[in-house]
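To keep things clear, I will list the structure first and then write my remarks on it.
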Amino acid sequence: MSDLSHFQPLDAGAIPRFAGASTFMRLPAASPGGVDIALVGVPFDGGTTNRTGPRHGPREIRNQSSLCRRVHHVSLTSPFDLLRVADCGDSPVNPVDKEESLAAITGFFEQIRDAGAVPLTAGGDHLITLPVLRGLHKGSPRALIHFDAHTDTYDEIFGTKYNHGTPFRRAVEEGLLDPERMIQIGLRGAISHGTNYDWARDVGIRLVFIEELRKRGLADVMAEAKALVGADETYVSFDIDVIDPAYAPGTGTPEIGGITSFEAQSLVRMLSGVNIVGADVVEVSPPLDPSGITALTGATMMFELLCVMAEGMAAKKAD
Amino acid sequence: MSDLSHFQPLDAGAIPRFAGASTFMRLPAASPGGVDIALVGVPFDGGTTNRTGPRHGPREIRNQSSLCRRVHHVSLTSPFDLLRVADCGDSPVNPVDKEESLAAITGFFEQIRDAGAVPLTAGGDHLITLPVLRGLHKGSPRALIHFDAHTDTYDEIFGTKYNHGTPFRRAVEEGLLDPERMIQIGLRGAISHGTNYDWARDVGIRLVFIEELRKRGLADVMAEAKALVGADETYVSFDIDVIDPAYAPGTGTPEIGGITSFEAQSLVRMLSGVNIVGADVVEVSPPLDPSGITALTGATMMFELLCVMAEGMAAKKAD
Amino acid sequence: MSDLSHFQPLDAGAIPRFAGASTFMRLPAASPGGVDIALVGVPFDGGTTNRTGPRHGPREIRNQSSLCRRVHHVSLTSPFDLLRVADCGDSPVNPVDKEESLAAITGFFEQIRDAGAVPLTAGGDHLITLPVLRGLHKGSPRALIHFDAHTDTYDEIFGTKYNHGTPFRRAVEEGLLDPERMIQIGLRGAISHGTNYDWARDVGIRLVFIEELRKRGLADVMAEAKALVGADETYVSFDIDVIDPAYAPGTGTPEIGGITSFEAQSLVRMLSGVNIVGADVVEVSPPLDPSGITALTGATMMFELLCVMAEGMAAKKAD
Amino acid sequence: MSDLSHFQPLDAGAIPRFAGASTFMRLPAASPGGVDIALVGVPFDGGTTNRTGPRHGPREIRNQSSLCRRVHHVSLTSPFDLLRVADCGDSPVNPVDKEESLAAITGFFEQIRDAGAVPLTAGGDHLITLPVLRGLHKGSPRALIHFDAHTDTYDEIFGTKYNHGTPFRRAVEEGLLDPERMIQIGLRGAISHGTNYDWARDVGIRLVFIEELRKRGLADVMAEAKALVGADETYVSFDIDVIDPAYAPGTGTPEIGGITSFEAQSLVRMLSGVNIVGADVVEVSPPLDPSGITALTGATMMFELLCVMAEGMAAKKAD
Amino acid sequence: MSDLSHFQPLDAGAIPRFAGASTFMRLPAASPGGVDIALVGVPFDGGTTNRTGPRHGPREIRNQSSLCRRVHHVSLTSPFDLLRVADCGDSPVNPVDKEESLAAITGFFEQIRDAGAVPLTAGGDHLITLPVLRGLHKGSPRALIHFDAHTDTYDEIFGTKYNHGTPFRRAVEEGLLDPERMIQIGLRGAISHGTNYDWARDVGIRLVFIEELRKRGLADVMAEAKALVGADETYVSFDIDVIDPAYAPGTGTPEIGGITSFEAQSLVRMLSGVNIVGADVVEVSPPLDPSGITALTGATMMFELLCVMAEGMAAKKAD
Amino acid sequence: MSDLSHFQPLDAGAIPRFAGASTFMRLPAASPGGVDIALVGVPFDGGTTNRTGPRHGPREIRNQSSLCRRVHHVSLTSPFDLLRVADCGDSPVNPVDKEESLAAITGFFEQIRDAGAVPLTAGGDHLITLPVLRGLHKGSPRALIHFDAHTDTYDEIFGTKYNHGTPFRRAVEEGLLDPERMIQIGLRGAISHGTNYDWARDVGIRLVFIEELRKRGLADVMAEAKALVGADETYVSFDIDVIDPAYAPGTGTPEIGGITSFEAQSLVRMLSGVNIVGADVVEVSPPLDPSGITALTGATMMFELLCVMAEGMAAKKAD
C-alpha cells in the first residue's frame, strides 16, 4: 500500500486549508491512468434551461473541498488509505457549443474508463450525466440510483432533446441505463403537465417522491433501492437540488420542501455495498450561492460518495 | 372550460422562465371581474416596527414565481385547469401615509369581493391583512387559520393601534373575525411581557405553539383546525416567518426554531376542504434575502395555497 | 400628439416605483406595430465564454428601470412627450440551442423593422447584437458606434464563429456593418495575442483605447465618431463593461480601468444628432451584481440612449 | 482643555476597533448638555417613497465609524482636541407614525439647541432634516448648503406634503431656511416633470447641477456657496446619494453619474469658515449595502463635517 | 427586587429595536460588580486555523440581539425579572498577540469571578474558552456540557498547543475541567486521523455523535448529560457550528448534517436544573454570514442560555 | 526562447477560464529554481489589527486571475514571451503563530532569492512585506516605491512591533530598506495622532498624499519616484487600499477618497525602467468582497506589475 503515500491530501495541520491552489480535497493532480478513483469536474452548463451558473461548480467545489478531511467519522475508514484517489482535472468542454461539449465529455470519460479508473464527477448541469454515461458505457446498460427533485426524463424542452431535463430519458433510449433497475429518490415540486411522469413509469423506472421517502423512512427506501440494483454495475447521480434550498440555495431549479443535508448523508452512506461504477454531484451554481454553503455541501457529498465507493472497491479488490 | 385557455401560465418549454416581465406564476394580467382567483400584491410596509422591506415583497415574489409550474405533484391537479386565475396587479398604497393606504387597500379588496373573485395576496407586512379583511367583509365574521411565529394580537405598539403586530386584534374588535373560530399555528419566540397572550386566550383564540405542533404532529393539529372552522368561510393568513429563518431569512422579525418548508407545505395541503374566502403570504422582505430563497418560498407557498383553494372552489362550483 | 397619452410611464407620485410587475421604465406593454421606439429584451447568454448570467439581464434591468423618470435633467425634454415608446417584450430565444436562438432573434427584429419601430434592446450577451443587426438589415451596411472594453472582433473562440467575442467580425463579413464607418470606444484590458487587433485595423475599424479617450477628452473623440458616421444610419452598441467594474461589477468579463458612469452618460449624450436606427445595452449579469447597481446603470444608460434617439427621431419627423 | 480628556475616542492601539458596542467614532455616550458637538442619529425612514431601509442608517454608520481616527490628515487638527464631542444617542421616533415622529424629532433637537450643542446627525431619510431644522430654529431663517442628487423641493408626492422629496420646500415655507441663501450642489438624474425645478428657482434657490460642478470645478462652486451664505448661520445637509452609487450603492434613490468620494471630501473641506449650526448625513440604507462601503462613506463624511465644524466653532470660541 | 428596574432591556414598544448603539439584548452597560449575570464579548480569533472572522462576533451578536425580547415563550419567565443582567463589555484582547490575549482574557474573567457574577460570553473562536475557564477557575475542575461539531481536543495543530482545536485538551491538562464529567454533543464531520478521538475517550470524556443523538433522541442524551454533571459546577460551551450550516452558515469550520436551531433550543432548555457557572456561544463569523442569521441564532442561543441560567441561579438564591 | 513554451497560460480559447484548479494567471506550477519571475502567495493575516480576512487573498486572487490574458494592450508585449513565469505556490505560514510565520516566510523568500527568481507576491496583510524583504535581503538596503493609503510606519500597535501597521519601520531599522530612497504614494485618511508621520519624515521617507498626487498629476510624482530610486534595486509594494473602496471594497482598513483603478494602472505602468527586485499586492480580503472585484483588481494589478517587471528584466538580460 506504499504507493498510497503519493495520493494523500495535504496535511491541514501543517499547510493551512486556505493555502495554495485548490484541488479536490487537497489531493494531488494526476492522470486517470494511475488512480483508482478519479475526482473530476465537468464545467458545462449549456443544458440549463432556467437560472444559470453550474459551469462554475467544479472550481468552487474544489475551493470548498479544502474543508474536507481524511477519515469518515462514522465508518472511521479513510478512502485515501484504501485506494489511489486524485484530482484528474476537468473534462474539456466548449461553453458555446453543446454538441461538441457532449462529444468531448464522452471522450474524456472513455479515457477514464479505459484507464480503469472510476470517476466521481462534479458538474456542471445535469445534462453532463448523459455524456458521462456514454463515456463509461461498456456494452450493457447500468443500474441507476438517482437523488434529485426532478426526474429529468422529459422528452424535449424548447424542442431540443439534449438539455438538463432530459438526460435520463436519452440514457435509457441509448441503452446506457436499464430503466427497470433505475430508482429516483427525493422527487418533488410542481410539474408542467400531469403526464410528465408517464414515460418514466411506463418504462419501469421507480419514482420515490419526498412524501413516500418521509413516510417510509430512508432506510426502507434505500433497502428497496439496493434490492433493485443488486450486485449490478450501478451509477449514482446526485443532483444537489434534492437537498432543500435552505441547505443548498445555489442551484438553478430549487424546490422547497427537500431533504436535509443530514438525510442526504444518510442516504449516501446506505449505498454501502452497491457496486458503484461512477457517480456525480451536479447543479451546484456558485453565482447563486452567496454564503458558499451549496458548494460546501456539494464537496461534502462528494466525500461521502468517495467513502462508500472506496470501501466497496477496496473490498472487491481484497476478494 | 374553453375560456381557461386565456388564463394559462406561459409555456416554460417554449418561453424561458427568465424571459419577459414577471407576473405571478407567469399568468396573464387581468382585472378581478373576469377571474375566479385573483393573485394580487399589497406592497406596503408602513406597519413595520422592526427591520423593514416587505414593500418589495410582491415584485420579488412575482420574479421568483417564474419557477412555479402548472400541476401539483401530489394531487396531480392543476389550478389553471380548474378555474380562471390571473395576476390582478397591486393594490394602490401610499408609502408615506398609513391611514390612506389602509383605506386604499380596503377599497381594492372591496372591488375584488364585489367582482366575485377570491384573492390570494402577496404582502407587504402583516398589517395589510386588516384592510384585506375589511375589504372582503360581508357582514359576519370569518374564521381564521393563521400560520405565524407571532400572534400579532398586540393592542398597541409605539402607542399606535395599527401596525404589523396588531391586525388580528383589530380584526376581532371590528367583527371581521370570530375569535372562537381562530387558530394560530407555529407560534414561538420570546415575548415582551408574560401577559402578551392573555387577550387572545380571553377572547377564545386557539394558540398552537411550535412545541405543541411538534409534539402532537401536524396532522393532529390541522384536524383540530379544520374542526374548528368547519364549513365556515375562512381566511388563511401565512406569515413567512412561521418558517425557520434557515428557509426564509428575508423577513423583518425572524425567529429561529421554526417549521421547515416541507412542514409548511404539509400544513397548507391539509387545508383541503376548508372553505377559503381569501388568503395571503406576508412579510417577505427582499432586501434581507441575499439568495432569494425567501421570495421563492413565498411564491411556492402561494402556489400551494392556490392549489388547495382552487380544488375547493372547483368542487363547490361542481356541486 | 394625443395618442402619446397611452405611452406614458406610470405616475411615480401616485403608484410607487416598487409596485406591480416591472416593465421597462414602467411603460405599457405594446406590440412594435404601434410604437416609434420599442424597448425589448433578448435574454440569451449562449454566446458567453467566461462567467455567465446575462440571460437574466432584461428582467433585472426592467426591475431597476422602475427608478427611471420622465424628463432628462440636462435637455429637459422627455422622450415620452416626443414619441410612442413601449415595452415590446422579449425576443424568443432557446436557452439550449444557439443556432435556433440566432434565428429567432433575427426574426423578432425583422418584425420590429417591418413594423417601422426602432429598437432599444437590453441583452443578453454581446452575441445577440449579430442577430439584431441581421433582423434590422435593409440592404446596405450600417455605421456603428460601439462602446466596449473589448473589440469583439475575434474570428473564432473555442473553434466557433458565433460567440460573444465575435459578433462585429461576423457583422462586417455579412455586410451588416461597414467597417470604415465603425468606431469602438473605451477599449482596454490585456489581450490573448498581439495580433488580436490586426483584422479590425485591416478592415478599417477605428479603435479608440481608454488611454486615447482620456488623453484627447470625450468631446474630441465623439466629434470624430460623429464625423465618421455622418448622417448615415447608425447602430449604437453599449457593452456595460466599457464602464469600470466599480460602477458595473455585474458583468462576465470585467476589466478594471474603465470609464465612469458620468463619462458614459456624457458619451451617449454627445450622440445627439446621430441617425440611430437601433441601439442596445448588453452584458449585464444580475447573478454577479449583489447590490444591483449594474442593472441600475444599464437601465439608466437605456434612458440616456432613449432620450438621444427620441430627440433625433422627433426632429426628423418634424422636418 | 482638561475636560476634553473625557471626550476622546477609544484608543485603537489598545482596544481593537471591532471591540465593544459601537458608538459614533468610538466616543463616549453623553447628553447634549455637556458637549459642544452632539453626534446623534435619527433612525426614521417613514418619508421614503422608493426603496427603503435608512432607519438602519444610524446603527450601521456607528458600526463603520469604528474605523474613523482622531486627526485629519490634511489639516492635522483633531476635533477631539478642540471641543467636547460625544455620541448623544438617537432621537425618539415612532416607526409607524410619521406625524408623531416629526414632533418627537423636533423636540429632540430643541433640547440639543437649548443645551447649546451643535448637532451632527446621521439619518434616516431626508424628511428628517425638516424636524431637525424645526428643532434648531431660533427665530430667523438659516442659510443652507445642500449636497444631493435631488432638490427635495417637491410640493407633494402621493398627495402628502411630508416625505423625503419635500423637506426643503416645507422648510422654506415655514421660515426655517432663507431660499436666497440656499445652494444645492450635485443635482442630477431624470425628473418627473420639466417644471420640477421651477419653484426652487422662483424662490431663489441656487441649483448647481453636476454638469456645472464638473465644468467650473469644485473650488469655484464652493467659493460661490461661501459667498452666498457669508457669516450667516448655516445648516449643511449631505445626502449620501450626491455621491455616485459606485461609492455609495446603499441608498434608496441612487443616481448614476455622481461625484466621487474624493470630491465629496474636497467639497466638505472647503466649508472651512462657514458658520455651521448643524449638519446631517442622510439616506444611508444598510440593507441595500452588501459590502458596507456606503455606511463607511457616511461615517467618514461625518468625520469630515465634524472637523470643519469643530475648527470653526473652536475659532469662534477663541475670539 | 426593586433594583432590577435598572437592568431592563429597552422597551421595544417605545424605542425601536433598530435605534441606538447596540448592547447585548438592549441591556444597560454595567460593570460585573453590580450584576448577577454578565453578558460579555471576547472579540478574539487568533486561534483560528481555517476561515477567519469571529473577532467580529460580539459586535454583530449584539446588533442582532436587538431582536431578543424579555420573556421566554415556553417557561413564561423573564431572566430580567429574576436577576440583574447587563452588558459588561468586551474582554481586552490583542489581535496580534495570542499569548497576551490569553492572559488578558484570563484576567478579565478573574474579575468577573471575583465580582461574583456569572458570565455568558459571546466569542471569538473556541480558543477563548480556555482563558475563560482559567479566569473562572476556583480550585477544583468543573464539569462541562459542550455542544459542538468538533471535540476541540487536539493536542497540537501547526505545532502549537493553543488554537481553536485544542482548548478542551488544555483545560483538562490544566485541571480546569474534569474529563469524567465532560460530555460533547453533536459531534460529526470527517476527521484528520482515525485516532483523533482516542485521547478524549482515554481520559473519559463522553462523546455523543449526531448519529447517536438522533437515534436516542435529545431528551435521552440530555438526561445522561445531566446525570453526568449532577449538581456540580458546570460550564456550558456552545459552538455555533453544532447547528447545521443551513441555520448558521457564518462560521469558520462548517459541517453539514448538523442539528436544527429548534433542536439547539430544545437541548439548551433541557439544561434546566444544571448548576451553570459560566457559558459561551462561540465561532460566529459575521464576514461569512451575508444574511445575518448566524449572528441572530447566536444571540437567540444566548437568550436561551440566559433563561436557563437565570432560573437556576434565582432558584438557588431563593433557597 | 523555446523553453518559454512550458510557461504559458492555458489557452482560454480552448480551455475555458472557469475550468480546472486555479493557478495565478492559469500558469503552470513550478519551483522557483526554474523560473525568472515567481508568482507566489503568502496567506497570512496574523498582523491584522482591524477587519480580517487577507489570509484568503492568494487563493481568491488566483481564482480571479483566470480572467487575465497574455498581452498588455498598451505595450503589446507579453511577459510570457519574455521570461519564464510560473505559479510557485504559497509560502508556508502558521495561522496561529506569528513569529513562526515570519520565520517561515523569510525562509521561503530566501529560497526564491537563492534560486535567482524575482518574486511577485499576493498577500496576506501588509506585515508579510517585512519577512519578504528579509528573505530577499542581499546585504545592502533596497529602495522602495510604495502605494498605500497608510504609511505603515508605526512603531507599535497594541504594544507589538510586528503587525500590519509597522513593517516599513521595522524594515528601515533592520537595514532592509534605505529610507532616503523610499517613497509612499496615495496616503490619506485620518490618523491616530498628529505625530504619526514624524518618524517617517525624520528618517527621510518621501510621503506623497493623495492631495499632492492629484494636484501635481501622476506623471510628475512618478518622475520624482523614479529619480529617487534611480537604477538601484527597488522593491515595489502595492497595498490594495491605495485604491478607493468603490473599486476595492474587500480590504480591512478601507479609506474613502482613493485613486481609481485606472490611476493605479497608470502609476504601475510608469514604473517602466525601475530595477524591480520584488513586488507585492497585499490586503485583499475576500470575505469582505461580495462581488469579487477587489480580488479581480488585485489580480490585474499583479499582471500590470508583471509586465513592467518582465520588460525590465528582459531588457537587462538582453544587455
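Chains: A, B, C, D, E and F, in written order; residue numbering restarts at 1 for each.
Everything below uses one rule, namely that a contact is a pair of C-beta atoms (placed from the backbone, for glycine too) under 8 Å apart; a residue touches a chain by one contact, two chains touch by 3 or more.
Nothing here was measured: the structure is a model prediction, and the numbers come from that model.
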Reference interface A-B: repeating pair among D-E, A-E or A-F with over half of contacts shared: A-E
Mean-CA-position distance for chain C and chain B (Å): 41
Chain centre separation in whole Å, for chain D relative to chain A (CA means): 55
Intercentroid distance (Cα basis), chain F paired with chain C, Å: 38
Shared interface positions of chain F, touching two or more other chains: 14, 16, 18, 49, 51, 55-56, 95, 157-159, 244, 246-247, 288, 290-291
Interchain pairs in contact, sorted by label: A-B, A-C, A-E, A-F, B-C, B-D, B-E, C-D, C-F, D-E, D-F, E-F
Interface residues, chain B side, partner chain C - complex: 14-16, 18-23, 29, 41, 43, 55-56, 58-59, 62-63, 87, 89-90, 92-93, 95, 290
Residues of chain F touching chain D in the complex: 49-51, 154, 156-159, 187-194, 196, 209-211, 214, 244-247, 249-250, 253-258, 288-291
Complex contacts: residues of chain A adjacent to chain E: 12-14, 16-18, 67-74, 76-78, 244, 246-247, 260-262, 264-265, 290-293, 296-297, 300, 303
Sites on chain C touched by chain A in the complex: 45-49, 51-53, 55-56, 94-98, 100, 157-160, 162-163, 287-288, 290
